[in-house]
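By letter and in written order, the chains are A, B, C, D, E, F, G and H; residue numbering begins at 1 in each of them.
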């Protein structure tokens, strides 16, 4: 809560327009529910324009169930990422609904009135990078973006990419998902004049060092306009692309 | 040149509306001038919506002079980055004009009719990070963006940042420049709902490893919406921010 | 005490040159019992003000049983860390009692007259970091400290932390447990004026490099007063915090 | 400013005991002076119990002069670290007084009524590590601690250390400064029962990797109670030791 | 398609010798079949002188089956690498034929009229490196090269290598496969005057860092003429050796 | 075969004292048996004073059986290292005898008339390092050395080591086995005046990086006389210690 | 000297066709001249088909002079690499002739009757990479190869490369020199069917880590046929390319 | 011995309570003299069989002078390593004698009656590695060993090494000094049956990473009997070789 708002509160309290108790409640308005092991954040949507995203990797099924229930009681929109299929099946058995994407490993609870805007293009270098690309796609879709995913257009088959030049230039933002040497980001950056979010993947072996080679390649891209997220972070790329393609009304 | 355009060319040639020679020239239209040691790219502006940016670090004064002259003959807008002050003075003595920013180490040739749009906010954690922040600012400005730079608001003095919350939320894109542990990106990402471009700097010592600590911190940011560029890459951050704030009319 | 010396003691006792009590004291004087595969250190408590802590990770159940029995014969206070649940169950079946904390993976034998002093606060960034935070808590508690653990207050939800400012400033020492980019340590260091022990955790993926990103972030913290322990070393943080909060009477 | 204090302010304002303007001023009381390129933080002393410490490495003499003047106008206590001797001489010529320690590379402005308490012991492994040890000493001294520095007692000459056992056990906190393999921290940790802050130094060559070997050694210390700061960070160690030895009255 | 060819097409179209449709088809002639999850590249053989090689590691059996069928419909030559034995057995059960090499983990579909030329020699340092050496051998063989593999002639038994000097000098290209310290590449490079392709393997432990020691050793070879491929990349070595030994008729 | 010997052979052949065939056979005398997948080296014992040591980790039981049989046909002394217990049991079932040490994971075939000389001392920091220490012990023993192993005397309990000073100074060579921070090597090097071979182990977690911390610590030891082998390389340490303690009669 | 040749020598000596002294001289025939500080290797040309190349970086002018004189007494062909201009000027002043290339930093003594064959193409991504590319060119030229160098055709300006497709496909071997993210090697590998030798350069900053990013990118190239040499190793690339383009007559 | 104790001794001597001889003996009993900035260790020779070696790199000329004088007053044998030539010249001007080796950068004060024993062989791969090899030689010589140094016999010219086989086998211990890929250690280890101490050097460029490639190569040597010291640590290798070749009479 910034000083200007604070000053207005003080003034109202001074004028008797607001009781001290009410003032404090307003400060707390952007608050959360404490589950003991986690805090479910109802103010987040308002603050960041998007409901909580739950990173499910290290959480137990019991905790995930409680978090889902606490959320869905208040909101109709929730995304779980890195949810292993077996955990999903256990959640489903407990009555937790939602759409599961086994490639992306996401569980989505989409608002009934979701409208999609804009034009996000996701390019995936190899079929092995698909799970990361799908995670980006699911994330961007639930945030209300039109998303198209084109797979298997790596640098080694350059003509496949060149066939798509017109399509590339129509996108408002492009996500490039690539492992191994990650050169696709630079090549796309050389032909398209839109923001490019590069996602290195851990696909590769030996001196790929679980995605480090692709990460370094993307960070050093000679094509300007390329920014990078963490290895395998499809979610982060989808989220950032959405902020660009579909800016939240402040 | 994509297939659709190509087909239209073939059709025109077939119809006799276009000679084979003219068709080839149209293909070459996005071309460049070959200086021997470098290729000055006149088509770049059209292709990428922005004139050539010259990375001056490893180039001789003689080469830089020739590149400047070749460019400025055709365009009124050019940016040299990483130009040491002594090289600038030599270029100036040779009659190369332009505005030099000694902190940013940039030489700018701005179009006479530059109009600025939008709202890019640059936050710099320490005074030592200023040269990188200034490079980002110069880059974004020459690309036609309104830019504001706020310095010295690191995480250790959190209240300085919290005072600016309202300002943060007004920006269309935020660039966060920070060395050492680079935590500022995460903190800003936690309170603002706009795209954040994080620039790690090489400021620090010991286990900062010339910016690696800040880079890893930013790549692993728990706040979504943060994307990262190379260490000390103020230019790249300014360029990407411009693509977001001021999308080129395709 | 090696076997040769031991044999000479036995001979003296046998000859009546030494009483059994005196012999035992001589053995204890050199402070440890040699189990063959390990030396149980009875003098440690006196030297370091705390009984042996057994790092159980690479030890067999048989060895752990013998170590526990040798200790508990003499002392009433012992801590096993990194004890997998299945090993615990085997020890329990063999009659080894004690309180097992499955999240912390610790087995505690607490003295009957344990009094707690002071005020240690443990902050945990994410629910996934809980096992490390719990290990720190168990360690500090068995060493006679009052400990409070607050979970899930990462940097991405800064307001959760700011709500606790008064609590932070009351602590005598704060342990900050965080994975990913580990920015929480810097933020806490910026608002609290007490010693802060930062524990990076291996939670994260990709360029977190199993905790290296958080470790570097914490080592480079721009907030003074932050010191760091090894990745996932909840025990070490709890131990050091205890030395600060509850100095041993020399 | 935490909620409790805030509530009290609201109450006072509500009761008419405080005008809205005065309330806002109280909020701003922990504030700073904006020099344009830096923000001089007058509230810091109150917030963190210590005046600003200025990291001088990357700052110009002009900026340092302005920062010093702004500070000393209000406070009598200031510390500059990593101040090269030539910069000091320039500051001195401009009339900036203070005590310069050329080994520690610190400039100290000590309060006239500085009283020292407690017992901090600094151990330095080799004569080459002296500059880091001296930086720790200067930091701890200006914060009001009794400090003793013992140099050149590395592990290779173990008897030198064993001669000091009694002294080690009297300290309230020990700072161990060591380069190369940094084993001194573990050895001291094995014989003393006080908090130990280990400072790896960049002294060494080859596989010392500018202090990484010592840093890893200290992080992995088998002796509990050892916490670590960044390579060559004498300031950080002195600051943390002071927080332990001389807790600020909250 | 380069400009010269393009100009000839334009000319033909202009002359009426070619319809616009036919011209476009010729451009597309080096094309591929889109399976949805992958693009099977029929033009590749013509472009690169060799049919698609499928990296099977991360692909499902279903996808591999479809890719094989799509390929074999058109060509008689196909190589799958990194195909686990269990996946092979599933493919076999589905009627996919071909020769499986369980050490190399390759599945080969060789043209009926495969003629082998030249002289590629593969040297393998230890029996543990055999799987990589065999992958190189299978790759080079299906590309029409005579290949000989000599195993277990590491540097520690130098006389074994010296016995083969004459054989080494007869080869047109030598592939050296070695793990641990990878010294074999330098030793062979010192006695043979042919191109040497070094393949580091992940065999080793501790400071071999899964092949990094061998990789660095080979990259720093004091013997000129040695070039290096990725760790464990037997396929890449065999492919490059084939390009040298058996240049494709342009 | 060196030039002097060669000259003598030439002279004998010239004198008719030796046929060309016999001369060649003498050259080949240091030869090996080729098993196809491996070369069993009968000349090794003569060349290096010790029979083949077989690194069993990546070899199949079938290959190990054949290698054992080929060896034992000619020699009575053979050592297999890194032999998993289950492989040993399979070899045993096939009639391969020998003494298996499950901690060291070695299979030893000792000559009937093995005489031991000298005085090798092995020190092991923790019980977890025992498998590496035992591998060193088995290696040195089969090479005819008197070996003593003292376990669990890490740096954290310095008094345990100081109790053994006299014993340390009697050894002809000391092997120090330690994980975590590996400080034991430096401490021993500071009190003993004999060659010290340091073996870092992979015991530890987090920033031990599977033994890298201990390795760097040992390489940077401030105590001269310490040399280092690969992480977990008990075999290499035992072998080198044997060359020092029991030099082969050239 | 291999066994077959040796046997023939033995036979000749046995027959009295050769004296033992002459036989030994023949063995020594591939010998060298010992300068004390270096051994000038006259047999090298015969053994490896090329005269000594002198790596001048760490050698004194005096040593370089002596090495040049010793060589040129016997041969007319010699190459010095990494020769700083100031050293060259000193050598020149001492009467050492030869052609100096200041960009490549090479000094060449070319045989009078040098004939060039084949077709080596060198591609350089940026003007900053030119010194490495020139070193490769000088090396390949003195070894008797036709070499063409095309500069400044990085991935960010893809159309520049695509214009050269026909030229690429005519080369017998291509050397790709690139810094930053090194993507050019993959792109060239995707369109040309000849051996490609990739040379990473140290051009870049931040996370390029002095060429590591480009090195990893090239090692992980998804385009087969790409092999890699050390960072900045233009000499090694030129040498290997020559072995491929112009095989030495065994 | 600290200054306070020293003062008490002086007082006693002054009072006639202690004879000067007894006082001196008391000082020597605690083995070192405290110079304030360093402790000169007179007991070291007795403890470790060798006088102090002074690592001169980071010490001032003034400190070095005092250390030399304090030593030479009592002993006739002292070694300074890493002494830059300019520092040596300053020491010389101050009257400090001794033999300076500018390649090794050592200053030696040798006992008049130095007798040399045994047989240490030092092999140096390239002329650039000479400074490290000379440091090893100087160290071993002052410790009373016969030392031979053979230079420039790298792996790329294998025949040079094979010519020396007989010499290699006569040594009691071999030191192998090599940069770049460090393969020489493995090759020597494969043909000699004596202890081999490998010294990686920082000679190389690019992926040699200042000696890391050679270090890893040596640590992973497939030839047993090889132990390794730190990069460029000629002193450590010479010291360890001396302990092997010339064991101190306990």
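Basically, a residue touches a chain if its C-beta (ideal position, glycine included) is under 8 Å from a C-beta of that chain, and two chains touch if they have at least 3 such contacts.
What you see is a predicted model; the values in this text were computed from it and never measured.
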Pair of chains joined by more contacts [C-beta pairs], B-D or F-H: F-H
Separation of mean Cα positions, chain F and chain E [Å, integer]: 38
Centre distance in Å when chain C and chain F are each reduced to the mean of their C-alpha atoms: 37
Intercentroid distance (Cα basis), chain G paired with chain E, Å: 25
Chain D-chain G separation of Cα centroids, rounded to whole Å: 54
Residues of chain E whose C-beta touches two or more other chains: 3, 126, 157, 162, 191, 206-208, 212, 215, 219-220, 224, 230-231
Pairs of chains in contact (touch as defined earlier), listed by label: A-B, A-C, A-D, A-E, A-G, B-C, B-D, B-E, B-G, C-D, C-F, D-F, D-H, E-F, E-G, E-H, F-G, F-H, G-H
Residue numbers on chain H that touch chain G, as the complex places them: 126-128, 130, 151-153, 157, 159-160, 203, 205-208
Residue ranges of chain D in contact with chain F within the complex: 125-126, 154-158, 162, 180-183, 186-187, 189-191, 204, 206-209, 212-214, 216-224
Residue ranges of chain D in contact with chain B within the complex: 30-32, 37-39, 41, 43-44, 55, 57-59, 63, 200, 202, 210-212, 215, 230-233
Chain A partner contacts - residues on chain B that touch it in the complex: 1-5, 47-50, 53, 162-166, 169-170, 172, 191, 193-195, 197, 215, 219-220, 224-230, 235-237, 239-240, 243-244, 247-248, 250
Interface residues, chain B side, partner chain E - complex: 3, 6-7, 9-11, 13-14, 16, 19-20, 23-24, 27-28
